[in-house]
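Have a look at these structures, which come just after this line.
Two complexes, one shared chain (subunit A), two partners (subunit B, subunit C).
Right, the complex of A and B next:
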């Protein structure tokens, strides 16, 4: 899909010929020190591109610190925008065009393998003549390293240009860069201006006006000096779409789901959900409660759920760990609760701003004692919106905890999705307040489904004390040993009953079977499906399947798996590789979904996983698929263990 | 939501039930004979009858420990949660349903040890509820371990040579937190004072923190011996704005006049632990209550969709 780009003329010439190339798929990156606004630039560029009809996926590159040391490779802050002539479902492979505000952040991206060979780079040239001779030396050395790597580098006097409009180019270079990109990609300037006004609507009008001037300056400079423009054909799309990131989708999805109380404690990368809610929730009668800690956030949400409508809490891995005891209580006392876990790298503080899918098993099995509950993972930004309604309804219907596993890729990824047609029913009804009929018990479990009706404070005749202790149907502490067995069965049965309502997942590719089936979950869907389609184009017999409900698992998996010679998962979590020292078939630590599927299906599910702190790249998945084809594995048998 | 609920409740409010103490009494409490928890349970049931609180609109929230079994012995709604975390649950209940009467029952391990963070912040939130600290200076349910309020030198199974550190003073700590609005101390062996304190705490609009001095008949039976046996070792705080417990004047002759509006004096009185002081240390009705800032008008599903559609425009392409 992606193609190698032609080069850009390095030396501007007044009578140069401007070449226009049409490509179906291309990635652009803007990188800077923190605080220079690269992300804002990319967000506006992405939004305008989506409005013009391109498929778009943007992903932010965020350092862990607010302001890491300037001009450091590890401090690169930026954004990648992938454009396509069809829907774009993931961040793609490497970047084709980069704008960098200094050579060090660019080196950071280069050393991580973020840039395509031959990529075009627009690099701020001010460092060449910087008063500090050390910086000059760094710049020359950096430039050399980048040139040796084969990038086509265009030095751009961004600072010098911006100073004609602003006093502090740190506040403005991003808009100049946006101007250059707008020229290079033939963006509609009126739309860009409109988007800038929208992005800075909370600032003084002078800010927008200044940014418009910078935009025009960058556009004009590019028109005068650059020799290449690209066209990414647009789609004819009549259906209205929304463009937002996954955390914004979770926030607005929570509103659409009728949720009214979000309890949280700040944690990256989940917090922006509460920023969004903090901004808008009051307009819906909703409350964001910032608790004193993660535990209290769970407690407040549970207390609110206990007294009325289901509430929710938002967190990431370390917060999940802290909430564990409360989740057990909600499951035991059968109090509905939605928990959004926006996963990041772990364990411990791990990679706070980077994606990982390592919370799966902890989300499923992390609560001591037998604690059956529902785990669901949205795979797209659109699903981040809709999953909230599903989660609330399931939590209330089953009186249990529903964990929503999003991740940093979805949280900061921005892509258009069809504008939802909202229904009042998604919000659920008001809580019950009528008196409880005589003789009804607070856990009057239906023996077939384990489901029972919840009594809320205010309902006369329903007075009882919920408890985390083992209890009987009347919520009385269980002193009889058989009660615990029965209550455990009832809580577990709810999951089996719910699983019976799920559909078997669709196979992407050959439903009737083939050589290899790739199974994924969560945010990797787009990358996996793109990789599978590339591999199929190469003639490989590969299909894929994506799992939305991880607990309970959907029906039909074992039957589907049986139609393929080999089944493997592709995940962003750690696994031992075959051939690692001391690693055997028995002690091998596998990808988390593969572990789960092996137990559930008794199929020897292999895995390919990476924890590089970035979303999976389709090209790397394709390589993995080639290596894992049953034929390739047979050929490799007996050969030396491949280098990793 | 709360608004619509209140309206419906008002519509249903046509019964003229009169509640007796028995209407609030659940199963027989399984606490040891002589446990101070019994006195508190009785005082609470008496308060509910006195105030004619509807059992269905009253919620007792507790954590874990002997005293946290409390809600099970009430015939109201109850929430017996996890160790140290009663206050966040109670806060959630009040945020969702401000019209409910919420009581929180905690032991000393619950409140000032494992749940200390929630205690400090609950004081600051000042959500309208009654928080009872049933302080017997020891972990009872787990069989005699040192708690933060165990007196220095007092022997336990975890510190057999005696508690190493000076005991924590929960009143002093509570009075030190910004936005504290009601701080009182009472004792299980003075039932009239206990009842009067609960009554004042319930009447207060805000977070009413009541420390109840208690003996554990097994592990700290002698801990307040001097004060129990000699009323002269007890000082009652008295003031027209304070807690009045008629009939105690003859027995408790040591009385200190203390205006509960005076937080500096309250802190001084709380700090000095040479005698047992019972009464209202501090009250301020004007402190902001967190749930007030959170009370929002109800929105219908159609209203919400209208606003959401408007918000979508910001993201529309």
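Right, the complex of A and C next:
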């Protein structure tokens, strides 16, 4: 039942009790129609919480359309902020506290199972008395559905309150909500004011002042009317931290790595990498080039790299498809290139704003012909920063393409991480341009490693024709069939040589073995490890392993797998489920990593995957682990036999 | 005696982004040179340590740096001549990076403002000289007989476009009697930014003669007015007064503010004519003031030129346009020449204007004559 609050202006009951609860882990959501600033509110709240010492992980809830119809469940736009008293590595399960600007977007979240039973909901109440009777009816019906779900709903006159400060509350309600959350979670108001000023630094000072007033209004309103506060203890952390999302981390990591040119074409959810670079890159001598399309962006990056610059291109799945031919050229001509693929749901336009890990096989095998290259996947926002240095170095050392697979979860998720201590060595040295020794060929492959010295245009003695045609050491077109065989072997050998430098990954849990080993890659690491931790606490013999280099794979996987009774991947991509119509063991389409590992290790690797357009929830993974434990499967199989 | 140092310091603060950009570029170049030298002069750390550092923290625990190092193409030692160049280059970079004189100069009483600016820029030219020398050394093209003079520096007139765009801002203390600005025009190119800090009464509009379509020009008593100039993609010159005086004009010429000088000029204060004209160079003062007024009075005229964009053909050497006369962007800056009518000719003229030959006008024989 909705909690009836005194109308604004009335004195709150003197005997009102404020209940303070201390929790170690809690999630907050702010949801609104598109354009009402819920994400900005949550970003500021998350950043302040991180600066105050909480573990934080935020996930943006973005509708598929730029401007979906207002007041529609599918159009919910917002953000979830998970707070913890220790490091937070994923978005968690359900939300404990929600602020909603209308009941329809809240229904959208409720129907997706996004809210915990008994969650506290602060709901804009203006719709109750809206002039349109249809909206009033919708509001009443929506409220009833939400009440039946058992949420604790507090109706808040946000519009009415904001009108005391601004003419258009659509531009300001988010700061009022931020004020309420700041009171409920005892956030330091000065820090919040600072963060607001930072967020709106490019706007007129009056905007910041107005937002400060709205913040204070929301804070005061909450202090006068709400009866619940939460304390999430903070960590003592001496080391300075940075707070950013994965795309910002990729951008700043590229700067730290000494990359000099980013060529891109806007595509969700990758574009904000270039926004960040656009703000800062020029200060470090870098250039952001927005090309006329994805293909041109790849071409510009390859051309710059050919000329001796360190360059990269940024895209998402559909852009990767368009860049395919050019990536083949870079691999064939052995031109170093870093490609960042921020994965989204697909294929085609798919789910542009939602997370998936469905580009793995395309990244590995998407080029026609034999095109060996490196694929690497950061698992955390901090790794999004550091992966760029490694990717650049590997690309240049091996003269090949390195694909960095990020995803929408990392791209928009915000989390703090220790401030990196930058080293000039990350930027490597300028490329070698001393005259080429007499007789050296542009592809003078070391027969042991397949690696050859990189020539640059203008380098004395290095004149040659660069070509995408099959060629020999001197870059002459291969008319002799054995030349292609040899060149293919050399390009492939680079991968084998690189694989020999990789180290076996660590097992999280029991390295000695057990019943079930869960294998993941990319952004699911935090959720998987949290799930494994919970499962182990239940007594299940479960461990996990996270793979970072996907091409080439690290050594020792088969040996590690052999210590477990069962191996299963957990991924955010599609797989047929056992028992689905027409699905057999032979034709079953599996999780993409599962497919890869089965081929590489000859181990019967099972999978559990979901494509719900959201990051994996630890609780759902725990359920999957229980269901996939070898004993549970045996029991299920036994039950089937008994039925027969 | 130098002007109020705090005013000059405030001017330098306002130019912070350009100072920072220059220092960052010089520091980065210096580090690159050192890194290259250490690779090529046998000053090598353990291969494994270097490789581990270059691979970064992400590789820790995932890539064995020792094994990875064995994949790398071996680095050759630099030729002796190249090593000698690198040895001489390092101290120049350190010197320029740390020296405040790169951004500050002072005209001694009775001194020549143009010469002081030229010498200051020539000092900066040392960086460009050694950079060119290092580049020659790194590419194995260093010839001591031919190229040794580069190590002494490159005078401003020989700076290339990239160097002119990298030029650090310069704040110059100058006395009113020595404020002869006409000679500064040749330096206003690329991103060269000169701020003249003056104590005491000055002529009313000494910078009016430096107003050209592509140059940011400002006379003000407020250092904050320099912010916009520091952010603009144009060369600039500023006159910073120690106080607002009625006989000193205050104005801003923003190249991006419009297509006519009237649109680009914002005059905050214009002295009355009777208050000027009593000095020893009274006619010049009046001329400058008249010139400023004439520029400001230029009516807004639709820019012609086939949509080639604002600023096309602008820059030193293009001259200023006549009052009320439309200017074709394809004219290469020569407003007295009728614009070509044929679209191809106009495009060709515009392209020419983007090259080093942009300030030249073809003579009757087809050659180039200034």
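Basically, the second predicted complex is superposed on the first by the 623 of 644 C-alpha atoms of A that agree within 3 Å, B and C clash if a C-alpha of one lies under 4 Å from a C-alpha of the other, contacts with A are read in each partner's own complex, and residues count from 1 in each chain.
FYI, a residue touches a chain if its C-beta (ideal position, glycine included) is under 8 Å from a C-beta of that chain, and two chains touch if they have at least 3 such contacts.
Predicted, not measured: the structure shown is a model, and the values here were computed from it.
When the two structures are aligned on the shared chain, A:178 is found in touch with neither subunit B nor subunit C.
Contacts of A:284 after superposition: both subunit B and subunit C are touched. In the superposed three-chain model, the partner touching more residues of subunit A is B, compared with the other of subunit B and subunit C. In the overlay built on the shared chain, the residue A:468 is in contact with subunit B alone; subunit C does not reach it. Of the two partner chains, subunit C is the only one that A:452 touches; subunit B does not reach it.
Once the two complexes are laid over each other on the shared chain, residue contacts for A:549 go to subunit C alone; subunit B is not touched. By the touch criterion defined above, A:424 reaches both subunit B and subunit C. By the touch criterion defined above, A:383 reaches subunit C but does not reach subunit B. When the two structures are aligned on the shared chain, A:257 is found in touch with subunit C, with no touch to subunit B. Of the two partner chains, neither subunit B nor subunit C is touched by A:59. Taken together, the two structures place residues 283-285, 424-425, 430, 433-435, 458-460 of subunit A in contact with subunit B in one case and with subunit C in the other. Those residues of subunit B that touch subunit A in the complex are listed here as 1, 4-5, 8-9, 12, 26-27, 54-61, 64, 71-72, 74-82, 85, 87-97, 100, 117-118, 120-121, 294, 296-299, 301-305, 307-309, 311-312, 314-317.
Partner subunit B is touched in their complex by these residues of subunit A: 47, 50-51, 198, 240-244, 248, 252, 255-256, 258, 260-261, 263, 280, 282-287, 289, 291-293, 295-309, 311, 325-326, 329, 416, 419, 422, 424-425, 427, 430-431, 433-435, 457-469, 476-477. Those residues of subunit A that touch subunit C in the complex are listed here as 257, 283-285, 378, 383, 386-387, 389-390, 393-394, 397-398, 420, 423-426, 428-430, 432-435, 437, 446, 449, 451-454, 458-460, 497-498, 500-503, 505-506, 548-549, 554. Against subunit A, in their complex, subunit C makes its touches with residues 20-21, 24-25, 28, 31-32, 35-36, 39-40, 50, 53-59, 61-64, 67-68, 70-73, 75-76, 78-79, 82, 138-141.
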